[in-house]
Structure formats: C-alpha cells, structure tokens
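Listed below are the structures to be examined.
The same chain A turns up in both complexes below, where it pairs with chain B and then with chain C.
Showing the complex of A and B:
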C-alpha cells in the first residue's frame, strides 16, 4: 500500500496551508482530463468504448476510496455497481425516464446499501472481511438471477426507456451523448471525491489505514468512518452502474457478478491504489486491452489478463502510476547531481 | 424417511469431496498465512490428468488416483518454489490477486489443451450402479467417496497428531519463527506440506470430476466453496475443515433438494452470518 507521507516542507506548515497545497490542481491533472475530453474529437474513435472506459474508471475510483485510502479490500464491490445499474434500469422501465434525477436516486439507494454493509463489516478484518464481502456479492447475484419476475433473470431488464439528457441530447447509437454524459458526471464526481480525500476526513481515513489504534487514541471515530467510507464509495459505484445502464439502455446480471468485482479490483491494482487517478489509468489499460485481446482471440484472452495481473503484482507491486511516479522522482533527484 | 437419509448420505459424500479439495489450503494458510486461490486450479488439473490417463491411456481408475496425487503434488511444489515463496511477506490482497491471476491463466490453458466442453468419463463397471445398505438404496460411487474421504481424514488427523513430521508441521503452524529457531527447516517442511496439500486438491478434483462435471470453469465454480470451507472451519485446523466441509456439503445438498428455488442462497447467507459472528472460523485462533 502506498503511503502518502506529507512532504517535509508541509510538516512545518499550518494545517490550513497543508490542505490548500493538497487542493491545488497540478498541470498533469488538467492535461489528463483535457486529453480524455479530446478523445471525442479523434476520428475513428469508438465513443461507446471510451464511455465504457470512463465508467469503469469511475467505478475503480470508488473502490479506491475504500482500498487506497482506508485500506479495506472488498471482493464484493460490484454489489453497489449492480444496485445502481438495476435501480436506474427500474426507473427507466417504470416511467421515470429523466436520467439525471434517476442517477441521483440510484446513488442514494446504493449509498444506503453501502452504509449498511459498512456497519456490518466494520469489525471484521483480513480473510474474514474478504469472505463477507464476497458472500454478500454472491447473495445479491443469486437473488437477482433467481427473481425472474422482478429482474428478468438471465435476460436482464427489458424495455428501459431513457429520456434525452436535459431534454436536449438524445442517447444515439454513435455514443455522442453517452460519451459526454459519462464524462461530465464522472468529472463532477471526481472533483467531489478529490475534495473529500484532501479534507480532514480523507486524512483521517489514511490515518486509520496506517495505524487504527493510534487513531483511536487520538479520538478519531475509526469504526464510524468505515461505514461512512463505504457509503461514499457505494454511492459513486452506484453512479457508475447507473451511467452504464443509461448509456446502453440495458442491464443484466453480469453487472453484479463476482467477476465484475474481481475485474474492478484488477483495474485499480493495475493503475495503482491511493491516487484517485489509478482507477482511470487502470481502466484505460484494462478495457482497451480487453477489447483488443478478445477481438483477436475470444477464448484465450483471459490468459493474458491473468498474466498481466501476475506481472503487475510481481514487478510493479504498487501499480503502474506509483511505479512510474517513483521512477520520475528518481530521475528528478538524480538530475542536480549530474555534471553540468 | 429413507429419502431424507439418502439425501443426507449424498451430502456427506459431497462434504468429503470438499474436505479433500480444501484441507491443503487450510493447513498452508495456517502455516504461512498464504491465501492460495489457485488451490481450485490444482483440483481442476487433477481432474484433467484423470481424464487423460483413463480415456487416452486406458489405465484403470484405481491406478490413476495415485498418479494424480503424485503429479499434481509435483506441479504444486514447483509453482510454490518458483512463484509463491516470493509472496509470503506480502499482504492478503496481493496474494489474492496473484493467485486469481494464475486461476485465469489456468482456465485459458485448460481450454487450450482439453477444449472448452465438459469431459466424458467411462467409469469402471464395479463403481457404477446402486447398492442396498441398511434398507437404503445408495449409489456405489458415493459409498466409495465416503469411505475414501473418511480414510483420508483419519489418516491426516492421525498423521498430524502422532507422527514426527506432523509434530513439525504443527510447530510451524503454531509459530514459524520459533520453530525455525529450534532448528527446523521450515522452508522444507512448508514445501512438503504444500506438495501434499496440492496432491490432495488434485485428488479431490479427480474424484469430483465424475460427480460435479469437469470443464475449464471448474476453478471459478468451486473456488467459493473451498474458501467457505477454509474460512468457516478456521485456518490451520484439519478437524475444523472436516466439520465445515461436511456441514457445507450436507446443507448444500439438503438446500438444493428441498428448496431448489433458493439455490445456493441459504449457504451464502449462513456463511456471511457465521463469518460476522466468528471472523476467525470455527476452530481458528485469532490472528
């Protein structure tokens, strides 16, 4: 797990200055979002694929709040993604076709579920925690698959209608609206998350990740923070799920399968946990690779995903982004020593 | 009445299968704290070795079983020496990701070598059919499974409690550093335990292939069951694993027989409730 130690200079700063430093946007962050938006204008770009990348990035970022900042591994994060996706699907099916309010509603339901999950697991750790989250995922998946009257079972929900966004932009087959809708919603939620993790609350999460006992002696509500972190992560995962439903107008049981929980964990680990951007970088690598590999060999592409995973945890144990960052830091440090 | 007993018996047979598949993971988890999800892949490999030996080379069933045990044991110790031993000091999550990556790779490799469809088994004639015991009509193969599993369980518990090697293994589970300081070669003991655990997993896969069906998705289907057995039983205890495996086997078969509309729902619910009640499992000790 990467440790976000404050820079030595920051220690002497006042608390206010410290948080102000964290909040400042760096140039590469602006470049990253501009590049993502710029993808729209690249000819030949598959916009549906790009909106899928963005949605997965948002989903992985929500897991990052739990795993990267609070240090809780969850093998059942698809529960919240799937909840959001199905709630948005039900809204679209039963006449609530306005997408933005439905998105908020899906987030609220997922958040409530997340809070309950957090309450449930806040005292469990290690393998027990992995088993409980995995078990919850399996329970919900089994439930959705079996309640064919309610959820359509294996076939998923039929007849989802989504109205144009803001009554102006229709969801078309070229994925133009889907792309902008996914990007704007993800960006807004990203900013909210960025503010959150750079706030005292975010710092408390990191503190509890590094040393929960010490945080308790400092008087921090460590257990309460677990359910709050779960709630926030679940809300954002639910938003990602709702986005997927609304941009594709379909929802089926795979949205909350264990496979999906494993995939999102893989994405986050590939990108690197504890950085907010790790999820997005991981999603770009994973989804594009998945798209490419499954087009050249539909049967064997999981071999390469598995190999990628093994290589990442063997050689880039912290994920791509932190490894690159460490490389860059070494490069910058070495430079002044070089004879000039 | 008779039907309940038959279903119970089938549950016990299934439970023994789960026990043989997961006992190795329980012991190695207790010893090295290494979460090895690839245990399910070892089981699958055992199943495929059985298919190849029986269908392509025409070897008799009972000759195949020791071959499976030795081959899968050898493969697992090779994997342990080459890959796993570098990951003993990492956290749970890294180990989960590493081994699930290996599971993905094993699925693709099984598809490559043996094809994606279910395998066909021609079991020997003496093991097919049914037998009347105490007025119950039981399948011969399940009777064989129960006998085999019971012998395995007794042998393992006895071996661990009464032999010198078992004492060494127990010492390593209790406290690896002190065991090493007392002059035990913990690495060697661990590799040996790992080989036996892997071999047993392979044996479990081979025995279950006929009953549960064998295709490349086998590891993903039974991984969850293996994990439930290990975490409910408590890591590092053979007795706990046995109790958990039998309970799970009976509950699963009973649930699917009497409440088919719920499927595995009840099992998962009970597991989650149990893990919240006792996070370290039935007989496990606090970390």
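Showing the complex of A and C:
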C-alpha cells in the first residue's frame, strides 16, 4: 500500500478519460438512428407501422429508467402512457389542436401523476411494488372505461383534431408526418435520457439499484430519488402516449390496459434492460413480429410472443442486446490471439 | 460539555420482548479514538445501528455535536458528519471502486441530483476519488468491478467510502474483520493519519489493534456498558476477563 501519496497525474487523467469514454457516442449508436431514419426511404415501407415501433421503443425506454437503472419493476407503466394519450386526446377534442404544446402538456400531467405514484411506492419494494403499480393500473383502466360521458368508454374519444406540426406538416394516411414527428420527438427525448443516465443523478440511481442501504449511509435521498425517477419515466411514457394519439388521431382504453403494461415489460425484457437501447430493439422485434404474426393468424399471435419470451429469457437471460454485446466483446478479445 | 461530539442518554432498545439495551449512557469526545469490545450478542452492532438511525430507539435521546438527532433520518445524520462502515461489506457490486467513491463524493458535495450534465464534468471529485483510491493502494483496481475484487480490497473500499464523506465521527464496525494482521495494521495506521479532530468509534475483536490504536475502551456485555477505561486498565481488569470467559 502506498501511503499518503497523491494520485499521479496520469492516474487522475485515466479517471477523466474513463467517464468521458462512457458517455461518448459510439459508432453503432449513430448507425442505429441513421438506419431508423433511413426506413422512411425504403420503398413499400409501412410508415405508420414504423412510427408505432418508434413510439413503443420510446415507451419501453421510459420503463428502462425505472427497471434497468433504478431496479424498480412496474406492472402499471401503461398508466402514464395512457394518461399522456388521453390528455393529448382531450386537447385535440376540445380545440387545443397544436400538437407540440399539447405534447408538453400531456408530459406535464403524466409527470405529476408519476411523482405522486413515486411518493406512494417509495417505501415499497419487490412484489409489493408490482402489486401497487398493477393496482393503480386497474383503477385507472376501470375509471376510463366507466366514465363514458368523459372518455367515450369502450369506443374511445371521438372527434380528435390535430393541427399540422409547425403549421406545415399535416398528418396524412401514409404516415409521412407521423413517422418524422415520432422519430424526432423520440430522438430528442432519447438524448435527454442519455444525458440523464450518464449524469451524477444517473449514477445515484444505479447506486440505489445496487445497494439502497449503502446509498442511505452515504447521505443520498434514496426515497426522493424514487419519486424523481418515476416522474421522469412517467413524463417520457406520457410523451409516447401523446405521440400515439396525435399520429393516429384516436385513443381508446387499450392504451392504458394492463395488457399494455405487460407488453412494454416484455419488450424491454426482450431487448435487454439497463442499456437504453433495449427498449427500441425490443420494440422492433415485438411490434414487427406482432404485425407479421397477426396478419397470418389474428387470434393466435400471442402464442408466438409467449414462445419468444420463454426462449429469450431462457437462452439470452438479460435480453437480446446484452447477449449480442457479450458475443461482440468475445469476438474482439479473440481477434488479437488469432493464429498468425 | 463542548468536548463531546456524540452522546446517548438513557437509550433503550428492544426487539419484541428481547431487551437489548436497558438504557445506555455513552459519550464520545471530539478527536477520540474509542474502541468498543465485548462478546457476541453484547449489542455492539445494534448500538451503531441506533446511533446512525438505521434503527429507532424505544426511548432515550441521541446527541450529535450538541443537537438532538434522535428523530433525524440516517441521511440527515450523515450530512451532520456521522458516518459508518458495515461489519459485512455493503458495496455496489456492479460498479467499480472509482464509481463507488465518486458516488460518495458527489453526495457529500450535494451534486448527486445533477441530471443535465455528464459525470465526466465533475473533474474535482474525480481527482479526489482517484487520490483517495491511490492512498489506500486501490488505484490499480479503480476500473475492476467491485464484485470481482479480492476480499481485502473490498474491505478497504468499504472504509474509503466512509472516509470520502470527510466525517466528524467515524463509526467502524469491525473494520479489520477478515483482513490479515498486516492489512489490519495498515488500515489502522491510515486511520491514525486522519485529522486530529475526527472522532473514531470502532468495534473490534482483535485486541492487539484495540490496545495499540484506542485511547479509551468501552466494554459492552449483555446490553450494558460494564466498563469504560484506558486500554491498560481494561487489559488488567478482572471484570473484562469475566465477561469474555464467563464467571
């Protein structure tokens, strides 16, 4: 043990480099977003479907903040998605047709609900958390379903009008505006989330995931952080919900059903939690598969999704993305040892 | 009584019907190096848990730096300078030592809620984290996952995390547990280098370490303090022998 000697400059520098490298954009990240944008130009591409993929990816990413980074499972994440979707729907129905401001408003309402949920669950852990979030989901779902005067019940909201984005781009049936609107909004929120997970607060969330008791003895407001994480995740989930309403001009109870909460969890698990991209990868696999399978057999497609989930969790454990990453790492490591 | 930094008055504790402390009065002075010894089940760790706020006493009060902190949260007590380590390592397994120490430093400096800029921007804290790790010979392991560090190094990290908070009162729950004799002495010689006004209260079973590094020794047995005296007097006391070996 070296006694009382300050860290040499080189050692210090390596610390700075380490954190700088962690946060730096990787080539595959740029390729990923470029490929997503490039989908627009592929002939015969169903752009409405692609915008749905992007929206689901954003939704799953918001759950990743809670599950992947803070380690909180939630079975009621559709509460925030549905809240955003319905708020955007009410805005469009009652004359607030400008989409971007309505999106912000939907995010704010979802964030407030997220913060309250966080306050409610911050002392609960494990299975209790699953039950409370599930319970909240069921309450809201039933409320929306029963309040036919307010929400249109089973039929959903009628007469939603969304003005052109920036007064220039009208939402059309080919999904041209829908695609770019969903992609740009999702990308901006992705960047914000990426900054967050690489920030001191992001590190504190991971610390609390790893060892909440130790975080308390370091003086961290662990319970408050749960509320903050819920608030941020809810805001982004709300944005995803609002995007769905605005791009399709419809909103109905399934947007906040328990099924939706389960689906988004499945998407994140398939893609891999704690990676930020897991949600998007999972959404691509899940939504495209859903689209393909339901066109073959509209009734039985959940059979295949179930099978996929069992296979992935059994053989890839942490999801597709971490498994691919591990494979790649092994490949890179092996390279220098290759026989000359 | 400005010399006293940490005090318990008639602190009473029980788990269900099992009484741990009937009502314990204890005082720690500023800058003191104070050892708590006693057989297993004497209530030593419970004492630390009560003082740090992980447990709440049934009655009695706890005073830190002249303030009644009995109702304060563990976090508030940490902010006031009361910091502990755990008997069983309580670390961040999936983080490396650099990230772990940085977490502590960011919380200490109130920068843990910053969500809009990169960790890499916290240059001062990164430098300090590296310097701390280097002081304890952990610089070479700064990027190794904590989970795959050797036990002795994890033990050191446990202490570095506490020191990173610049405590006024440091509570060490068996810091040398599981370390070799030499490693134990290295840890304590590092602790001896801390600023003179840092009070250290440590639970320790290794009597060589206790007698070498403590100014004063408290002997706990069956939920009460049976003796508090200088190391020499404790060593000679027939009472202590009785407590450990049974009369």
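Operating definition for what follows: the second predicted complex is superposed on the first by the 321 of 340 C-alpha atoms of A that agree within 3 Å, B and C clash if a C-alpha of one lies under 4 Å from a C-alpha of the other, contacts with A are read in each partner's own complex, and residues count from 1 in each chain.
We take it that a contact is a pair of C-beta atoms (placed from the backbone, for glycine too) under 8 Å apart; a residue touches a chain by one contact, two chains touch by 3 or more.
Everything quoted here is computed from the prediction, not taken from an experiment.
Enquirer: Should A:188 be classified as contacting the first partner (chain B), the second (chain C), both, or neither?
Expert: Neither chain B nor chain C is touched by A:188.
Enquirer: Quick one: is A:132 in contact with chain B, with chain C, with both, or with neither? Answer first, second, both or neither.
Expert: first
Enquirer: Is A:262 touching the first partner chain B, the second partner chain C, both, or neither of them?
Expert: In the superposition, A:262 touches chain B alone.
Enquirer: Check the residue A:16 against both partner chains and state whether it touches chain B (first), chain C (second), both, or neither.
Expert: The second partner, chain C, only.
Enquirer: Identify the partner contact of A:204: answer first if only chain B is touched, second if only chain C is, both if each is, neither if none is.
Expert: second
Enquirer: First (chain B), second (chain C), both or neither: which does A:30 touch?
Expert: Neither partner.
Enquirer: Once the two structures are fitted together, what part of chain A is touched by chain B and by chain C alike?
Expert: 1
Enquirer: Show me the residue ranges of chain C that touch chain A in the complex, using the header's touch definition.
Expert: Touch residues, chain C against chain A: 52, 54, 74-75, 78-79, 83-84, 86, 90-95, 98-100, 102-104, 106-108, 111-120, 122-123, 126-127, 129-131, 133-137, 139, 142-143, 161, 165, 186, 189-190, 193.
Enquirer: With touch defined as at the start, can you tell me which chain A residues reach chain C in the complex?
Expert: 1-8, 11-12, 14-16, 18-20, 22-23, 195-196, 198-204, 206-207, 210-211, 213-222, 228, 232
Enquirer: Mind pulling up the chain A residues that touch chain B in the complex?
Expert: On the chain A side, the touching residues are 1, 67, 73, 75, 120-121, 123-132, 134-136, 138-139, 142-143, 146, 258, 262, 265-266, 269, 299-303, 305-310, 313-314, 317.
Enquirer: Going by the contact rule set out above, which residues of chain B touch chain A in the complex?
Expert: Touch list, chain B to chain A: 29, 35, 83, 86-87, 90-94, 96-98, 100-105, 107-109, 111-112, 116, 224, 227-228, 231, 235, 261-265, 268-269, 271-272, 275-276, 279-280, 287.
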